[in-house]
């Protein structure tokens, strides 16, 4: 009998997808589900909702338990086969607000701030210690479990787990599987399973290296349409990247706008409109989500007739492949030990992986085109230094990380970068461990 | 429409399996099949047989053509999507006879002689030039085709293709998929798809690194049974290897007896009986096969009602996975660019591979247990030097290869090894290119 | 008898040092010196000067010949043991002027522009083709000669030679041997041969990883003095780098100001004065040098009593070590095949090298501190893409290179970068090959 | 003031050379010398002898102290700059006798048994624990000291130190510096400092990859002479290796006879005479040495007028280069992290190293010719498995190591190898830790 522990189970919609999917998988009908969160209300809501799904769609075959707070965490993890991680440390208020407001004082504008840049760095710094605590528990009570990480910043968190713990970790992101389809739909081309594509790089900056149908390269037609009819409104940054660097990138335009130094430039204010860059997008989404949740709660939590149909989320397919030994292919985030040969060995890369009873096994990629490797390296610099900061608690490593961020370095001086880091450390208070 | 070219199509039984399977795959019902051989009679027989299968089992949807001899080879390959290689250069008579009789004069006894040792070396030396000719044709007329090599010696031939040509090559061997099942049946244990196993190493010396059911290691029970009830009669060498080095090996006992210096030893004649080692096994099989073919021909070639049911042979599943983009897992032979981290980079290794529309992508393995890596390296030495001999035509590289063979080096002196190589070169006559 | 060919022999002062030194080395008293240039007047001047030195200081034992222009180049190189490269392609007028004036139109300010950034890129693009011509000659007429490259941009030119030719090349720069001494003098500390230091990284951004005396780390005292008494006026950028990133860097402050995005920032105009950054420094030096040469010519060229004492220039010591088989240590620029383990394999790195009769052999370094590797990688990105541009003649690779330059990317938009590249290509005219 | 600690100071002749040399080096006139041994008589003899040298040749400037036995070991090491290791664990009687007599019962004949083979394996197994104890002391009381290891088996001991401790270790052997000269003298050719040579591989199986004078390859003439006038009586094995594999090897013929499976073969008894192989050579030398020591003691120990002139031993030159920061080149044994690219990463390799105040820095070598790499790998297999045995105390790793030895595997069966290992473990008694 499979045991799945869900960290951050108060993420009601996401836990519905992953755990609803799992209960619908024949291999996991009778699974044991452990819900863990530190927010009692949200935990109760998810518990109620999943009980309904179990009853309505799974003949009640699964066993669902809830575990509230750190003292019950180890019990939640005990004997787990899979641990799904979807936590958020510090929440919208206060931490996301801090991530945006402090940099804004220095004139540094962001869109999402959950992956790279100053926001991504601090999100990692407050999340890694929590995950290392999870890891210590897992090494003790479920050393063979697979840890499926969904929390951002993906490369920093997954990299920290893989370098500092023995937990079998893979990082998962929706941006890989939807990339090719999204690109083609954006230029009014049909997509189906026969379209072959190959993606590799780093999380949120994975490269669509190949896209073909029946052996024919689709890029020329895609680029022709993009040039002639223009990029979709919501995707101007990525189309610019495709035309300028030759390849499309996995994560959305609003994200990539802040991963490179070319789009949000104080000296070129007109670019914001031209590339349709939604500054401060993430806090806006948080507010909307909080509002939306009030409306959605009724239909999910207090709906005794709630049904679930299996989604396209990777997680249940991965667990199913491991349980049933039927091969499944994913784009996973793993340590780069010679997989992408022109990225640093210590980087956390996103590559095709084979999943079956032997676990998640990454595939060899080789060299990326050098311009793509260059862009990846410019982000990996920040990731490696942030992980070093979190593992050593040396304050200067935070400065290093921030100074290597292409957008931050383009916009601010050394003095301002250091001052901004100091402000952020202070604003975080106890959300961060003490730095030396 | 998929085009499959079969090199050595006169291998009637094998071409029936691979091409019969292909016609039964929905994705390849309407494939074009090009049969190539240099033996007109055998080519005709395979052609007749496959026409019957196409008619009886495939509503005649496939198109089958035959191409006789080198002048028609390029036409056979033209536009191919897949090239299946199952040639044998030099045949039983004269070359296999030579491979056994000349070494025997020096007191060097062999069992199969198709993989390593002096027989394997010369089989490679006469086969590689033919395959490089195939490669030159393929680079010209079907540069994107996948070359599925089934011919032995696998590591030497596949390695030569991958290092000296641009042809997309993978080497395939039955020994991987049947390994775990065979081991368990040999000690009277049940096997099914839920048994998880992981195999990596080199062809014919791949290691069963893991074998579990429901997360439980099955090796202790397997070893206990083997010790208590004894190894199966036909598998005493491999069980000895398992007890001595800790892990079971993919290829059969009669093969492995000649890959290591421990079994066929002039100083310990009693080991032949103790380990039940069938000396001169391969020539005996050849004679039987030639006899058997006379009886079988009637039922296969001259049988207008011939049917075919899909076999477990990898080839059609690989082609199907590439055509349909549904992932499939194989053990494939590929260049080791950091896949098995304690084997040489230039070696041809056998590792798990993911197959889909992106082709055959090898997976990362990491370090083998050092004693297994050591045994592999002792064989890789011979493989690398044989490839170097074939690519440079330097006679001393043949000596080097023979001298690094553990069995040959254990049994013979330097003078005898060199003299034996010279004799073999002379006996081969025009079956070998001229060496310097 | 050793033959030394000097490419760009019209560099009178530099050829005096290298070749005067060589004649003064006992191992090379009777060397043959081949002077090559395309400027007849400058070539004559160097020839006259070196004849005088040979007569006055070397008893006329060396043989000196001059070779003017491309048709005589191969003869100059024939049979050479050493080829010293000190060419400049395009000169101050027109090419250096172009390198500064065109970017200035886009608001991009530079200091030296010979290493990285838009100036370094175009300097490489016009120089690499000439060097590949040299290499073709060398492969034909002196395949065993060592090529000692002094021309900038060092990493791009040396990297191109090492990747695209078979010529044994090492790149040499003065900045390594003078780094530790300069740093200590700048803070009023004594320096002598007992000070141990270790430098590795890339050219012009090599890192002073260790500086000790009698096993005691000198960095704390150096940093204390720098903080208390302030950085020297001429070295404020490097001291800032040392305080911010922990380590001192080899090349001067005026150079490093444009290798990173922190110093020349349109949004922070005050930094120019604060860090004492000499914008447009290189053209100014060129003008002064041209002026100075008029005065110096008299004393060097038309001075029949000219003497020479051996300088600290590396070149003659390297040649001497190779000729005499006495070990000598240098900082050399070589391909990074696992020397600095967290920089890309294809990068040209500057590492300690052992020189003796076996040639120039690079030493293993290992990982750099990650923040230093990050800074190096941000420059290596540009170098690798510039080399790719020069070797493939693909115009988009020029854009890629320019867009990866930290300073350029910080200051300009994608559109402006591309337009600036186009302008520079056009302004170069026939100084560049045709790009696709 | 430099402190040199000598482990195994009772090796009177060797300590005279190393420490006499050191006192004669101007940089170390006033050194502090700590003599450590567990044999009080031998320690006293060395102490008396070195006092005389200090007085007679060094004006008494050095300070010499003696430390007897384990309780005084840490004091001996305290604050050391250099630790020279020349211990022998178990001595001639009983351990060397055991190493030869037990294998002989199984028909396994040896010559030296201090490097590889069954004798080398057990010598390592009893020595590594002692050296790990040294390392623990050094990490505590002289963490920055360099450990210069002279004890055999070199690759196994040095490899164990480098992999299991933090001590800065380099392994040193006389066979490198005397190799080229010995080869040339053996065929009546003159040798001087102008002969260029390059050696790399593993200890005792380092390869003379290049030997030239004035750029001319000397191998053809050397081989011609060897063929025409025959190999020297004392060097027939190495000349056979040179003719058969193309390159000369560093360690002597009597050593290499047991590193490969070609020379001591029960099936070819005539080879012993033909190659002039001195079976049981090492015990004979030990007996002679013990005899000789009785005679020599008088002249060394009880000679108040004893003088010393500087020898060619590496050790004092290495210490001098580190102290004075003047570069020196050695062949050193170090971990292979990509230095010899076709040998395993974990192997301990012998490569050119640069020595100066920055310590011992290994140089990059690249690929060896594949036949040489193959021979090295056949020995590295044993080394890696022996180290694994010593570090894990798993008995099966001892079997693995013995079974991978080319000579042992050629001569004995699996059963005999295991039985011989068991006998040796028992015969060693408390000289070995308890194996599981």
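By written order: A, B, C and D. Residues from 1 in each chain.
Keep this in mind: a contact is a pair of C-beta atoms (placed from the backbone, for glycine too) under 8 Å apart; a residue touches a chain by one contact, two chains touch by 3 or more.
Everything numeric here is computed off the predicted structure, so don't read it as measured data.
Colleague: Please give the intersection of the contact partners of chain B with those of chain D.
Modeller: Shared contacts of chain B and chain D: no chain.
Colleague: Counting contact pairs by residue number and requiring over half to coincide, which of A-C, C-D or A-B is equivalent to B-D?
Modeller: Of the listed pairs A-C, C-D or A-B, the one copying the B-D interface is A-C.
Colleague: What's the distance between the Cα centroids of chain B and chain C, rounded to whole Å?
Modeller: Computed value for the inter-centroid distance: 54 Å.
Colleague: Using Cα averages as centroids, what's the distance between chain A and chain B in whole Å?
Modeller: From the centre of chain A to the centre of chain B is 43 Å.
Colleague: Please work out the Cα centroid separation of chain A and chain D, and write it as a whole number of Å.
Modeller: That gives a centre separation of 54 Å.
Colleague: Quick one: which residues in chain B touch 2 or more of the other chains?
Modeller: Within chain B, residues 341 contact more than one other chain.
Colleague: Touching chain A in the complex: which residues of chain B?
Modeller: By the definition above, chain B touches chain A via 144, 193-194, 196-198, 210, 212, 215, 324-325, 327-329, 337-339, 341, 352, 354, 356-358, 361-364, 366.
Colleague: Report the residues of chain B in contact with chain D in the complex, numbered from low to high.
Modeller: 240, 244-246, 260-262, 265-268, 271, 341-342, 344-346, 370-371, 373-375, 377-378, 381, 384-385, 388, 396-397, 399-400, 403-404, 406, 409-411, 413-414, 418
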